[in-house]
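Both of the next two complexes hold chain A, though its partner changes from chain B to chain C.
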Partner chain A sequence: MFPANVSTLNTYNDLYPDWTQREVSTGTTIMAVEFEGGVVIGADSRTTTGAYIANRVTDKLTPIHERIFCCRSGSAADTQAIADAVTYQLGFHSIELDEAPLVQTAASLFREMCYRYREELMAGIIVAGWDPRRGGQVYTVPVGGMMTRQPVSVGGSGSSYIYGYVDSNYRAGMSKEECLKFTAEALALAMERDGSSGGVVRLAVISEQGVERQAILGNQLPKFSTV
Partner chain B sequence: ISLLPLQYDLSASTFSPDGRVFQVEYAMKAVENSSTAIGIRCKDGVVFGVEKLVLSKLYEEGSNKRIFNIDRHVGMAVAGLLADARSLSEVSREEASNFRSNYGHDIPLKHLADRVAMYVHAYTLYSAVRPFGCSFILGSYDEDDGPQLYMVDPSGISHGYWGCAIGKAKQAAKTEIEKLQMKEMTCRELVKEVAKIIYIVHDEVKDKAFELELSWVGEVTKGRHELVPKDIKEEAEKYAKVSNCPSDENLDKVCPSSCYICP
Partner chain C sequence: MATVSVCQYHRGGFSFENCKRNALLEADINKLGFSSPAARKTGTTICGVVYKDGVVLGADTRATEGMVVADKNCSKIHYISPNVYCCGAGTAADTEMTTQIISSNLELHSLSTGRLPRVATANRMLKQMLFRYQGYIGAALVLGGVDSTGPQLYSIYPHGSTDKLPYVTMGSGSLAAMAVFEDRYRPNMEEEEAKRLVRDAIAAGIFNDLGSGSNIDLCVITKGKVDYLRPHDVANKKGVREDKINGRPETGNYRYKHGTTGVLTKAVTPLNLEVVEESVQTMDTS
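And now, the complex of A and B:
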């Protein structure tokens, strides 16, 4: 993580700026919500190396299969590597079975990898999608490698700031449009407060019909208090 | 066509001039020497019935079972060399267990049948090993796919079935199975018919005593493969015996005292 010729003490060193010494992280706020007939997933678009924003238009919503996505938070390298591996395994499995894979299977594959290599990895992943058997599902696989299904799940460094908002505003049985609005507002609030989250809000709706993606850019983000 | 196998039947890695692998065909003969096993798929489940020949009165009742549990929701009925069948049941169990460990849910039966069939097929490729001398029927039930039935033979081919029979009386059993309207029956009705078919195909002259093994998996067992409970089995056996009873008052046939049905 640190070059050899730099002191590991927390000293400011003009010779080497902060971002040469820091790992690339998707600081992040990610979120996924189940609704009748599918799921809505969302993420911010900021990737940081220390205080430098390495990518301000990142796509953290990664397709694993036709109707299964994952939202990535934690180390960018770790989550990309895991997502690539799971995409391969799931594709192979789907061809063997000759049917669309279950979202639960994808989540199990993520969990297997995140748990087995928990000491080496830093990855918080939300797996969400639609399959013909059980409809829209959201599974969360936080750091450490546990896996659980939840109707709504938030993750990443910005998620701490919006637990209250999510807990008080989530209702079961929301429509697709209500879920989109709920997700966009939650992400906007987190991006406002978390330094590692920002940029644009990327959203996707996954259902039987397929995947619809959209992005909400800076000036169109939901606005809250002007304080 | 070579009617005499000559030197083409010594190993599984040799074809005969007319394109046959004799070792695999001999393995299938081994299955035909064994007593019958049948599996039938109905509207809401799968029922297995096995005619287990008892060679000695000294054997403990219920020993050498021919129906195995592969996973909670999968059962296997076998015919042929029992030791080979036991080895394959272990292989099937490992496959099912590994699948659940990797993918987090029950193995679909078609996939399990394909995997075990692939394993059986591998033993037909080399001269260093012999093919497995057993066929087996796999059955399962789950809410999404419903009841499923697959049979694998020593050549490594698997087919899906509504009803199938393996073993010495498989032709007779197939004829009886074809008479059933299994797609409209429930497991409870089917259990009795399966018992009846086993009693019909049992050859009293050549093979004396036999034990009937019955198992089922379906909505009635909430998706778990289990041996049929004692009381339902007794009722099914009674139905089978009465249906096969040769004595018939209308036709003036008398109950023959040497009949094996009623003790």
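And now, the complex of A and C:
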């Protein structure tokens, strides 16, 4: 990468504030939970350039295939480019096979790209979906390019604040409604504490029946302390 | 025994050798008291809004070189295709060339498909090119147009990320313009209201941001029609000097009424002058 003494040539100027030069980051809190019959995925909706919110209604739940989604965190440009590339590769692969692709395949494609170009990329991705072979699955591909399957996974800058909540409140064998409530509450807590996360909560349920999407707007978010 | 080690050069990918050289050069130049030339940036306020029948794009017209205005009336709304236009903020050369390259490729693509180009296609092409250059092409764009899928508006950042939104602003004056949008935007506005909103957003950028100024250009794109209004609003009229005699401006009025100075004596002396024939032959220059 760059040596530490490279200056941004002549670009510092009172005329052009910090956020005109900073890269767009998805700050973020993202989450995915497996349940019997599918997965529930969720994300906040804030994209920042430095201290300015470039997009307050971002959709970070990106469809990769009919029943496979990815949750994006990190650099917006990197994750959008990777997601576009994997969407293409998976679509091609699916046509070759003439059947629905596996979630593990999608996760592997993400891992290949994130690991190979790990020095150049800043991307933390959660791949989640449903396939006929193994049902609902969540795979996490954090910065660096590792891939592992987890029943529940959180990511992004806001995830640090909710590890305790997730660890203590997750139970195996939750129903779809319980998973939705669990995800919404965890995201609301993270958005409350993390400056780079906020906006609305976007949720999606992926199962054999397809994909149901919903959004929880600001005034409807779950509330906790009144302090 | 001496072993010969072969040094394998890292092939492929980017080479950042010149960055170290540039850093050293800049440090040396600064020591001598000079500064390396600054790329001309468009400072800028650009914005776009989706309304009932299409999109309205707006831009200011100031181009700055450091703290000096390089161009008082530059055109920041670039043509991409008959139904798609793009406003550009950031480095002026980058926005100009990027939009021209994509416009050219899109025309070829359109001839190949036999269809009117789509805004999403232009967006894809732009984001993939900007990502390839990893943010070194300093082009922040607002892309808008109407195609068979309807009116669409995208904001595209220099690193290659894009957002599809109903209203967007970019450039150094984007915060001022966004404040206006957040206050007054409604979905499905009428054309006049949308034009007024964009005009006011750009005006907010012009008057509250030092990097933006001069006039307001508007581009209204609807299905089958494009109104390129340049200038739509001359927000900053250049002042006229007090007096003009024979078309040339005079500094101040020094004319006094007849009779201000009293006349004591008057003597008229005719001068006998020789009139010489004068002809002018132009030098042949090519």
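Couple of notes before you dig in:
As a working rule, the second predicted complex is superposed on the first by the 213 of 227 C-alpha atoms of A that agree within 3 Å, B and C clash if a C-alpha of one lies under 4 Å from a C-alpha of the other, contacts with A are read in each partner's own complex, and residues count from 1 in each chain.
Definition applied: contacts are C-beta pairs under 8 Å (C-beta built on N, C-alpha and C of every residue); 3 or more make two chains touch, one makes a residue touch a chain.
Since the model is a prediction, treat every value here as computed from it, not as a measurement.
When the two complexes are overlaid on their common chain A, residue A:Ser108 makes contact with chain B while staying clear of chain C. In the superposed model, A:Leu97 makes contact with chain B only, not with chain C. When the two complexes are overlaid on their common chain A, residue A:Val24 makes contact with chain C while staying clear of chain B. When chain A is checked against chain B and against chain C, the one touching more of its residues turns out to be C.
In the superposition on chain A, contact of A:Arg149 is made with neither chain B nor chain C.
Using the contact criterion defined above for the overlaid structures, shared-chain residue A:Asn55 touches chain C, although it does not reach chain B.
In the superposition on chain A, A:Arg133 makes contact with chain B only, not with chain C. By the document's definition of touching, of the two partners only chain C reaches A:Ser75; chain B does not.
Counting contacts as defined above, no chain A residue meets chain B in one complex and chain C in the other. On chain A, the positions that touch chain C within their shared complex are 2-3, 5-7, 9-10, 13-17, 20, 23-24, 47, 49, 52, 54-55, 57-58, 75-78, 80-81, 84, 120.
Residues of chain C that touch chain A in their complex: 13, 16, 19-20, 22-23, 26, 35-36, 38-39, 41, 43, 64, 66-67, 90, 127-128, 130-131, 134-135, 140, 155, 157, 159-163, 165, 171-172, 175, 210-211. Within the complex formed with chain B, the residues of chain A that make contact are 93, 96-97, 102, 104-105, 107-109, 111-112, 133, 147.
Chain B meets chain A in the complex at residues 102-105, 108, 110-111, 144.
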